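A, B, C and D are the chain letters, set down in written order, and residue numbers restart from 1 in every chain.
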């Protein structure tokens, strides 16, 4: 029997599992941080964690609230200047997966973390790029973790902070080739309802529904007519061990799962 | 009474004395190396020595044969990457004096350390720029130390490795201004025969003759009609202490003074 | 060189002028809250504040009215949410704070260009994003090797950069371990540099390990000895990040009144950092002390 | 990750191919003569050798016929004079070795551009010099901010970079103190990386002081444990530069015959570096040991 779990917990667990087999992961602030730290303790113990703060090979003894926490430094393989981290590790092409959160995403995986509304007179001022724009362009592939809602999964994002598949796969492939980008763009979006991959057209496609989530709820929380796999899988529920890691080790105060 | 001394010793001593009052000196390979180390032990004990190898605030316990010797590291203020040394210290404008040697120099202080003869088929292949081209452009002023001869003090240098006063002071000032160079160019050339400064036209002018040197020898060892101060001074002979430092501490094997 | 040791009050009074561009750098690590608070106490005006991550310190400074503009790349309370004071003056129809926005690498590249006296720095960011249209200082530049276009950012040369560090000598030779951020670049790019340290050390301590020096005294104007000057940020090996403070800041900064009350209680009515640490209390302070993780020793060798 | 420890013979055989661009970097400090000698023993051909200062190691390699081209910025025996073997094939009417020439900063900038995947790197060098006409790869680029022109150098991406270091773990996490040169940049720019170390250390030794790591195992293909592998260059804290060797090389390299005899005696007829060190003899070796100058310890703190 499996314990009850929240949608946030399912999302984090599903995101962590997607990292199985990945070698070098660039860890973004917020939800990516807990998902990657869970993966490191479960499916990808050998995965190297890279933090934009300038850390390669981090072994955080606790879940860092920020991505510049002292626990990512002590016992790490290397601490570098941010110049070196961004220039040699990221732009140099050494990152396999860049893991991002987002405020808005469109069907092609283009991301907005800058403003809601007009740029000059925003309704909501969001954090901005940070390293996200660089991660989206330079990481070999991009994973996204975010909650679905009609305000976040939108037909048209208010500001393109981080490019995804641009206007579609063909368009994106041409531009990436012409401009010498190393990355192949977004490959998975994990939400509180399911797991989306990108199809041949470069569009998000729902491949797995989390336990309890329905196609109806997916449609209600999305601003376009979504593509869905003919027979979406059901995401396996979190295991007791995954839940224990989240609840006891990683986020005992429920900062990420509230 | 002063001991007998060689022309090389006089040249090194005179060059060291020119560094009185200087704060930050970028030390070139060869003769500059011994002259600067002598100055640090005599007229400029507070002077910060910078080595292109990536050292700021060196306190060499012995005279380094190369400018990348381990003695310039132990006890230094800072060791940096060469990128940082060239980008932030030199190109960033923190060097007061760059001290260079040369194979050929012209009346305007333009320097050749690359080839004698044609570039593609040289009679003599010299070391090339190293950091000299950067020092000449970015140091606030440039000191040169070299022996005079008809082959080295020439009407036309075979290759311009490091710019001096270009075609003359006016020309140099305009180009330096237009291109945003931080340096004011060459300010002194110390040879085995005397001390040259640069006049208002940007040309070398003999201001001091070393003891024993004559105007005739100066003319024989120079490829153009040299400007001379109306009544050149006589360089004070090396003191016993200066000679002791050279002979006992800095160059006991006579590498630089042979 | 003679000692540059100064009080924070004197350092800020002498070196920070109204209208200056000020960079208090430090990526999560080593953020000089003490300098920010002294700038607030001295009621500096019209500052342009540069920082990759404006963080709580700039939220406090903006709330206190010292800033007219931010130059930044990520505007938030890391892992917590937004910065209330900054949001109040940047959202809606009439924003009262000017924003100049880059990505992290763009900001780092700006400081690097500033430090290296370069007219621009090329990076591969910004293609197919809306950032260049939001910020016309992000401009394309063509490779002279016929292999396409990259974007450039312009040099950033702060009037004053403030760096907190584990230790420095009296002349300002400064050493840091743990996250390095872009403090080195921001310091070399600046006209004036204030170093704030946990500990003043003898010249010999610095010279025993020259590879740890990130900033030479050559470019430092004042050395302020201010233990706990980075709280609620942290100092690797000395104290932990006070995450509780960052979480507590969220509801405070959502209210202009609560923010002003906080500034009065914790900044304006205190004389200096020592008073702040005393007010913080020994229990809070000792709860932030980490265990020991020594680096080990390396040998530089004596070469005579 | 599994161990990458390999013999020098296997590392060179597996990773260096005829026609490759090879960078054995290290500015005076940490020059891998051991790798250069193994390349000579294995009779590699048509190599392009990149290095700021070709130094005695490339003089030996050129004499041995492994190179077709040099990419460099300063060609000499520091403090001593010229490099005889290289002069013999670069002077006169029919030079037999191709030269591609920059300044030091130009070379460093080339590696930096290579490591950072940039199409070019801008620097303020070369104006009003003959270098751009001698090397058409040095090209002007206009600032997009209307403030003039600077020169650009293109990225340099060696096929193989060899770095000697004080220590590394078995997976290649590499630490260096003392002069850093541009080994980091040259390693990140390379397709394959060979690290040669004085000492193999446990992972925990590296992780106790992560700020000293210059190269992560991520980019390392082989770790060769070869004490004294840098002689006659030096290793800070381990052994001194053998200046006598550099002085002695001058008359040897002036004669093609003497050079060939030296290569036979000290390279071709020896199996490996251990044999070289044995031949060097215990007296020479012990004369190069420095006194001790410990760095001191810093504390990273335990944060749980």
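Criterion: a residue touches a chain if its C-beta (ideal position, glycine included) is under 8 Å from a C-beta of that chain, and two chains touch if they have at least 3 such contacts.
Bear in mind the structure is a predicted one, so any value in this text is a computation, not a measurement.
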item	value
Path length in the contact graph (subunit B to subunit C, fewest steps)	1
Path length in the contact graph (subunit A to subunit B, fewest steps)	2
Most distant chain from subunit C, judged by the mean position of its C-alpha atoms	B
Centre distance in Å when subunit C and subunit D are each reduced to the mean of their C-alpha atoms	37
Gap in Å, rounded to a whole number, between the CA centres of subunit D and subunit A	40
Subunit B and subunit D: spacing of chain centres that average the CA atoms, whole Å	28
Contacts with two or more other chains, residues of subunit A listed in rising order	55, 69-70, 73-75, 79, 87, 91, 138, 180
Residues of subunit C engaged with two or more neighbouring chains	112, 117-119, 123-124, 147-148, 177-178, 180, 184-185, 208, 211, 236, 240, 290, 293, 300-304
Pairwise chain contacts under the document criterion	A-C, A-D, B-C, B-D, C-D
Of all residues in subunit C, those that touch subunit D in their complex	117-124, 139-145, 147-148, 150, 152, 154, 166, 177-178, 180, 205, 208-209, 211-212, 236-238, 240, 290-304
Residues of subunit C touching subunit A in the complex	27-29, 52-53, 72-76, 78-80, 82, 86-87, 90-95, 101-105, 108-109, 112, 123-131, 134, 147-149, 177-182, 184-185, 234, 236, 240-241, 243, 246-247, 290, 293
Interfacial residue positions of subunit A with respect to subunit C in the complex	29-30, 33, 52-55, 64-70, 73-75, 79-83, 86-87, 90-91, 114, 119-134, 137-138, 159-163, 166, 175, 178-181, 255
For the subunit B and subunit C complex, residues of the former touching the latter	24, 46, 48, 55-57, 59, 61-62, 69-71, 73-79, 84, 87-88, 91-94, 138, 180, 182
Subunit D residues within the subunit A interface of the complex	1, 112, 115-119, 173, 184-185, 188, 206-208, 210-211, 213-214, 216-219, 300-304
